[in-house]
Amino acid sequence: MGVYGFFTRRNLITMLMSIELMLNSVNLNFIGFNKYVWPNKMDGLFFTIFIIAIAAAEAAVAIAIIINLYRSRQSVDVENAEEMKY
Amino acid sequence: MDAFFTLLKHELLVTALIFILLLLKISRTIKNETLLPLIQLLLLINCAAGFFWNEQGSLFDSMFYTNPLIALQKNILNIGVYLISLLFTDWFKKTAHLAEFFILLLSALLGMFFLISSGNFLMFYLALELATIPVAAMANFDLEKKVSSESAMKMILSSAFSSGILLFGISIIYGVTGIINFAELAAVVNNSTIQLLAFVFLITAFAFKLSIVPFHLWTADVYEGSPMPTTAFLSVISKGAVAFAFITALYKVFQPVAGVWYNMLMVLAVITMLVGNFFALRQQNIKRFLAFSSIAQVGFILLGIGSNTANGAGAVVYFILIYIFSNLAAFGVAAIISAATGKENIDDYKGLYKTNPLLSWILALALFSLAGIPPTAGFFGKLFLISSAAAKGSYAFIIIAALNMIISLYYYLKVIRAVFMDKNEKPIEKLQVNVYAKLGLFICGAGIVLLGLLSWVYEYIQAVVQ
Amino acid sequence: MNLLLLILIPLATAIAVLTARTKQQVRWVSFIGASIQLFATTGLLSAYRSARAAGQNAQMLFEQQYNWFPNWNISFHIGVDGIAVAMILLTAFVVVAGVLVSWNVEKMTKEFYFLLLLLSLGAYGFFISLDLFVLFFFLEVAVIPKYLIIGIWGSGKKEYSANKLALLLMFGSALILVGMLGVYFGGGKSFDILQLSATKIPFEAQKICFILLFAGFGVFTALFPFHTWVPDGHSSAPTAGSMFLAGISMKLGGYGALRVATFLLPEGAKEYANIIIVLSAIGILYGSFATLMQKDLKYMNAYSSVSHCGFVLLGIGMLTKTAIAGAVMQMVSHGLMTALFFAAIGMIYERTHTRQVNEMGGLLKTMPFISTVLFITGLCSLGLPGLSGFVAEMTVFVGAWEHADTFHRVATIAACMSIVVTAVYILRAIGSVAMGPVKESFAGLTDAKWNEKLAAVILLIGILAVGLAPFWLQDLINPGAEIIIQKLSAGK
Amino acid sequence: MQNVLSIALIPLLPLAAFVLLGLFGKSFLKKAAGYIAVLFLLTATVLAFYTAYEYFFVYGKADGVYQKLVPFKYAWLVFNDKLSIDIGILLDPISVMMLVVVTLVSLMVHIYSLGYMKGEERFATYYAYLGLFTFSMLGLVLSSNIFQMYIFWELVGVSSFLLIGYYYNKPSAVAACKKAFIVTRFADLGFLIGILVLSYYSGTLDFNTMLTTLTSPESSELKSAVSGSFLGVSALTWGMLLVFIGGAGKSAMFPLHIWLPDAMEGPTPVSALIHAATMVVAGVFLVARLFPEFALSAPEALQVVAYIGAASALIAAVIACTQTDIKRVLAYSTMSQIGFMMFALGVSDFDNGGVLGTSNLGYTASMFHLFTHALFKALLFLGAGAVIHYVHSNEMKDMGGLRKHMPITHITFLIACLAIAGVPPFAGFFSKEEILLAAYKGNKLIYYIALFTSALTAFYMFRLYFSIFWNKEYQKHRNNQHGEGGMVMMLPLVLLAAGAALAGFIPFGHFVSADGKPLESEFHLAFSIAPVVLGLAGILTAWMLYKKQNERPDKIAASLSGLYKSAYNKFYVDEVYTFITKKIIFKLIGRPAAWFDKKIVDGMINVTGSITQTISEKIKGLQSGKVQQYAVYFLVGGLILAVVIMYL
């Protein structure tokens, strides 16, 4: 779902949300494995916690960047940010 | 001294620097003119200090691991950062948030140190993000430029996407083995399908960072849009750090499946070189040009990594050291010109030699080193990489690699031609290069010439590797 | 005799040039440096001869070895045998002449001389090195100066030519590199030529590596069909550039093909000798016929270089002692002769501002010295006895004739035919340049100046020394050729 | 014994003159150039005569046979154990004879040129060239090694190139010297390959050694050489034929003669030196030098020599009848006479009653004719030079009635004409008689050709003579101030005339024969009647046609128009060559080669470049600038990698 969203959405904020979705799916993975496959190890849980923390940091920076982009272009559409190519 | 301090020395030093900068920033406003020399001095001290008291050992339940080789790698990165602080003086003086920039830069560096030293996936992931997110912010430092924020956006989104994939891979491994510690993991790695899938996902993360084709596409755009120091940092320091980490991961953890990744790396190396070269052929913007050329260089690094021998590892470290000098020299010259005139196109460089012979020679030296032409060090670096790959006997790849050197020479010569041969009605006027940048260029130039001819550098690296 | 001198003198000269202030200083410094080098090489010659006369029978003399990259078994191993001494002498002659001829370069004089000296440094290093890695290093050192010299100081479509030259030569070096690595891993992980020659490299590896190495060096010495850099490169280069290219650079390839490809990989050489012969015979004939159609003097000489260098490769391909000795002599002879030819062309061009044969005429009247020089080199090129070309070509022919089978015979005869074609184009050129009615526009031109005269005389001395008294050169070369042949025949 | 130094000085003195005049001729030796050269050559001539005397009468003979002596030899270039180029001196009857001939003629030319070339701007250069030429020629005849001979052979070629092209700013002279050099060069290719063949089979380059290995029936080399065959002809025969091609080129044998008439562009004394006496007979000398090998081991090749010689003699004589340029007439006559010498060798045998069963008279006759011909042909050329000097034209139509204006020239020229026409008792008579006799014994067909040719010779020579000195009255130009020429020009004429008149009485066979043993020259009065009568008939015809200015020659020419025209145009051989070189070599080989190089080989490189560029252009779409597409590639790449790894 997350990947799909990332590929198709044109709004940068939505794309960022898609990525969060992807990360959350990984979180689910870790928690699931931890709970059902390796119940006696806590690594998965820790991992999840850290992922959440990092995702937050990442989102913060990303949103800052997107705001900056918006200031210069008056748009958060990804297709308006294709100045550099080839 | 306590093991904690010696082993964690590099990291602690960098952290200390970050705090110093923070304090300075908070306490009062210092002019860039005074702050910059201070930073340069601190970085120099940091650099020098890195060479002492390097020991082997691990900390935090083997989440952190270090040895002389890793220390050496960190030192190399330190040198690179010091050079960056020197070379881009012009840009630093102009920027409004000098302290912040260096805080971000040093944080990224810290992330890289941990990345190299990481002994476990959690550490690895954290370090990777620490090494990435500040850089994305750094990419946006030319606040008034549209392209700068565009590149930052591309960087942060791509890297987030890539870390998503990486995490997915890690979660699979965790699901299969229940282990996230490298040392333990090495014992259980095998080439079952599911593990290989996870392995590939892991590799994509490295590949993304190293800009291996086809995971390289962000590179050029980000390089072009970002401010020069960021580009230089990305292309040199970050590449180096990831390459070191890659070696550690492959040699330490995935040694059991070496048969699988050997071929893969060779193929990737060749493709990377080809694509990098083909794109570099047509570039007009010097930064974009260097971006693609650095992709091609990564192809060569991969050859060395793929060789899976101590010689290969040594060659990679050696090459990256050389690469730092050469690429930084090239970026440095480009930055000086760009800062003074705003010109970044190769066509604008026409007739540069007439007005700025010194810059031209340094640029030429750097480019020849990148192209692997003696007597510059790049020749030795490339030769050793290719030789170590040849030890496996895969001559087909070697021949393609050697042919790629020709293509790359072609486009490097394009720049040389513009600088030395083409006539220009209005060449770039004579530039005043400030003393720090001059020092930086001089160090780079000396490095390019001497690193190859003086074999003890290589011998030292090789001794450390073994 | 310390061989390191041979690379230290040019290096010191190059650095001195960089520190020189005025153009005049630059010129004199380079000239003095090159002359010292010339004396050093003649000293080397006499030292070599006396050492041999004193009964030192080692294959290489004056050996020195320093560890360089012990990890790869790379050592800075240098030494010379007679063949190398001959090539070094050639280089020294050409360098001095080249420095003198470039006296009029006003544009970026300092850089020009610096690059020239760097180029010569590469050549000297190449000839004295006994380690493949070192050899390759010096080979490549010589590439980029050529590119810059052509690109910056050249004429005509210089960028195109410079590019083509650099890329093709890099292509050659790429092949050499791979072949070299093959030898390294096939021959017990050593780059040392002497060690390698003592080990037996597996046949399969020999075959592959020989192709790579020979083709690689072949690119440098204009092996058909890799010769296309030669005409463009030579014709676009400034005078000294052409002299160095033809006189020195092409010899690097020939020497490498002999010393590395043939000497180290005798089995491979035997396997592919026939192909070499065919290609070089084609190159010889084809080069000479292509020369017929040229109107530009430099193109003419460039194509004739293709033809003449074909003799070098033919000699090597024949794998007999006489032929190989002939190949080396041809290298020396061709180096001196083309250098002189290009020098003469350059002098003419400087005055008439044209290189088109049909636009000139009667220059013998206005510039007798230059025309005479042109004439003598022309004669040398067509193999007149008493000049160096004859000696070399005849030695190759006689050596080639030692094979009795039809294949070798046909190839040899084909090669012989080129001497007629050579006569045709040389006389055509001289006939319309030096002879014929004097063009009015050229009536007021002056003859050579002192520096040009000196340059020409130095090269002429070389040509005559080889042409009139070939025995000393032969004494020099023969032991070296002998060893190569022993290696070839021992391989069975 | 022999004094090496005195012999070696003979070639070295002209060389010294060359070097001296070449280096300093323009500066401080300018005035004295001519005298220095003459002095040097005079010394050389004296030494040559001294050597000849010593050789023939003092030490040359052992057991009644003239020995081949090698007083000096130095290994100049050692190819391998067997083959080496030695620079040496070989003395035998023919080389000693040639020494005399060459120095003598050269000396005459040197002296003559003092007058003829007076006032030339490049006077010293001219003498330098003469010196070089003389040196090369002397080196050639003294060669002890076939490769040494080749060396000097080439040097002769180049010095003749220089001399012919002396008037370098005259386009025709440039063309002529180029042609001369290239044609002979082409022939030299044959010589060179021939040398290679011979050296391979005989295992030596040395003349004396080669003589033993290739002629003694026991030698293994000979056996292998004869058994090794190519296209049904033995290798040795091929070798000899190839060598002969070289000789034919230098000696202007048909069809390699085309350079000779054009070469008359050089100064006339040069023509005398090159074409009369020295260079053109080099081919004959070569065949004579290798005669034992020819006669004993490769008789087929000798046959070829004979027929080529005869054909050349005839063709040249016919052409000579139609030419109007007096120097060209002489040139063709030279060719014709060389033809005589060649076929004389061709019909000869090594010794009486040898393999061919004929006599060895031809060899002696040939050499004898070479000797006499040198004298009278040099005289003819120098005489013609005097005439040209006087009237400033080469064309017959500008001459006539000159006998009163230049009496000495007239008389000497007449003597020469009589000599060449074979009228007794002049020199030519004796040598030609011997040749005819040899031909009669050896090959009847050739004998008849020779007979006819000698009649033609008499005709065209006297056509020339009458046209110059009789015919119409000479209209003296106003601007022609000088007379017949000074002492320096007349002296050589007189000396040579004396030689031409008297040389026939030398008992040549005593000194020169194929096997070194003295040969009694046979003389049959009855046999001589036919040639002499025919010769006189030729003279008579010429007298009738050309003594007075009249219409008859034109009428005859008109009635024989086809033959006349083709002969006048030298049987179109030149045109054939032009066709071959222009159309075939340049258009069909040279141009395609150049084209191939430009388009295909160069194209290959450029195409490689442009392919790279195109690929680079084509794949630029990958880098679309869209971050989402990047991610797609990323994922797809990753998946492909995963699939490849997991399932392969």
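To keep things simple, chains are lettered A, B, C and D as they appear, and every chain counts its residues starting from 1.
Basically, contacts are C-beta pairs under 8 Å (C-beta built on N, C-alpha and C of every residue); 3 or more make two chains touch, one makes a residue touch a chain.
What you see is a predicted model; the values in this text were computed from it and never measured.
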Taking the mean of all protein C-alpha atoms as the centre, the chain whose own C-alpha mean lies closest is C
Counting in whole Å, what is the centre-to-centre distance of chain A and chain B, each centre being its mean C-alpha position? 25
Chain C and chain D: spacing of chain centres that average the CA atoms, whole Å: 36
Just how far, in Å, is the C-alpha centre of chain C from the one of chain B? 42
Round to the nearest whole Å and give the separation of the Cα centres of chain A and chain C. 64
Multi-partner residues in chain D (2 or more other chains touched) are 609, 620, 623, 625, 627, 631, 635
Which parts of chain B, given as residue numbers and ranges, touch two or more other chains? 153-154, 157, 161, 220-221, 282, 410
Residues of chain A that touch two or more other chains sit at 3, 6, 15, 81, 83-86
Listing every touching pair of chains gives A-B, A-D, B-C, B-D, C-D
Which part of chain D faces chain A closely enough to touch in the complex? 620, 623-628, 631-632, 635
Quick check: in the complex, which residue numbers of chain C touch chain B? 67-72, 74, 133, 137-138, 140-141, 143-144, 147-148, 151-152, 158-159, 162-163, 166-167, 170-171, 174-175, 177-178, 181-182, 184-185, 208
List the residues on chain D that touch chain B in their complex, please. 609, 612-613, 615-617, 619-620, 622-623, 625, 627, 629-631, 633-638, 641-642, 644-646
Residues of chain B touching chain A in their complex? 121-122, 125-126, 129, 133, 136-137, 140, 143-147, 149-154, 156-157, 160-161, 163-164, 167-168, 170-172, 174-175, 178-180, 220-221, 224-225, 282, 288
Using the touch rule from the top, collect the residues of chain B that touch chain C in their complex. 311, 314, 368, 373-375, 379-380, 383-384, 386-387, 390-391, 393, 395, 398-399, 402-403, 405-406, 409-410, 413, 416-417, 420-422, 455, 458-459, 462
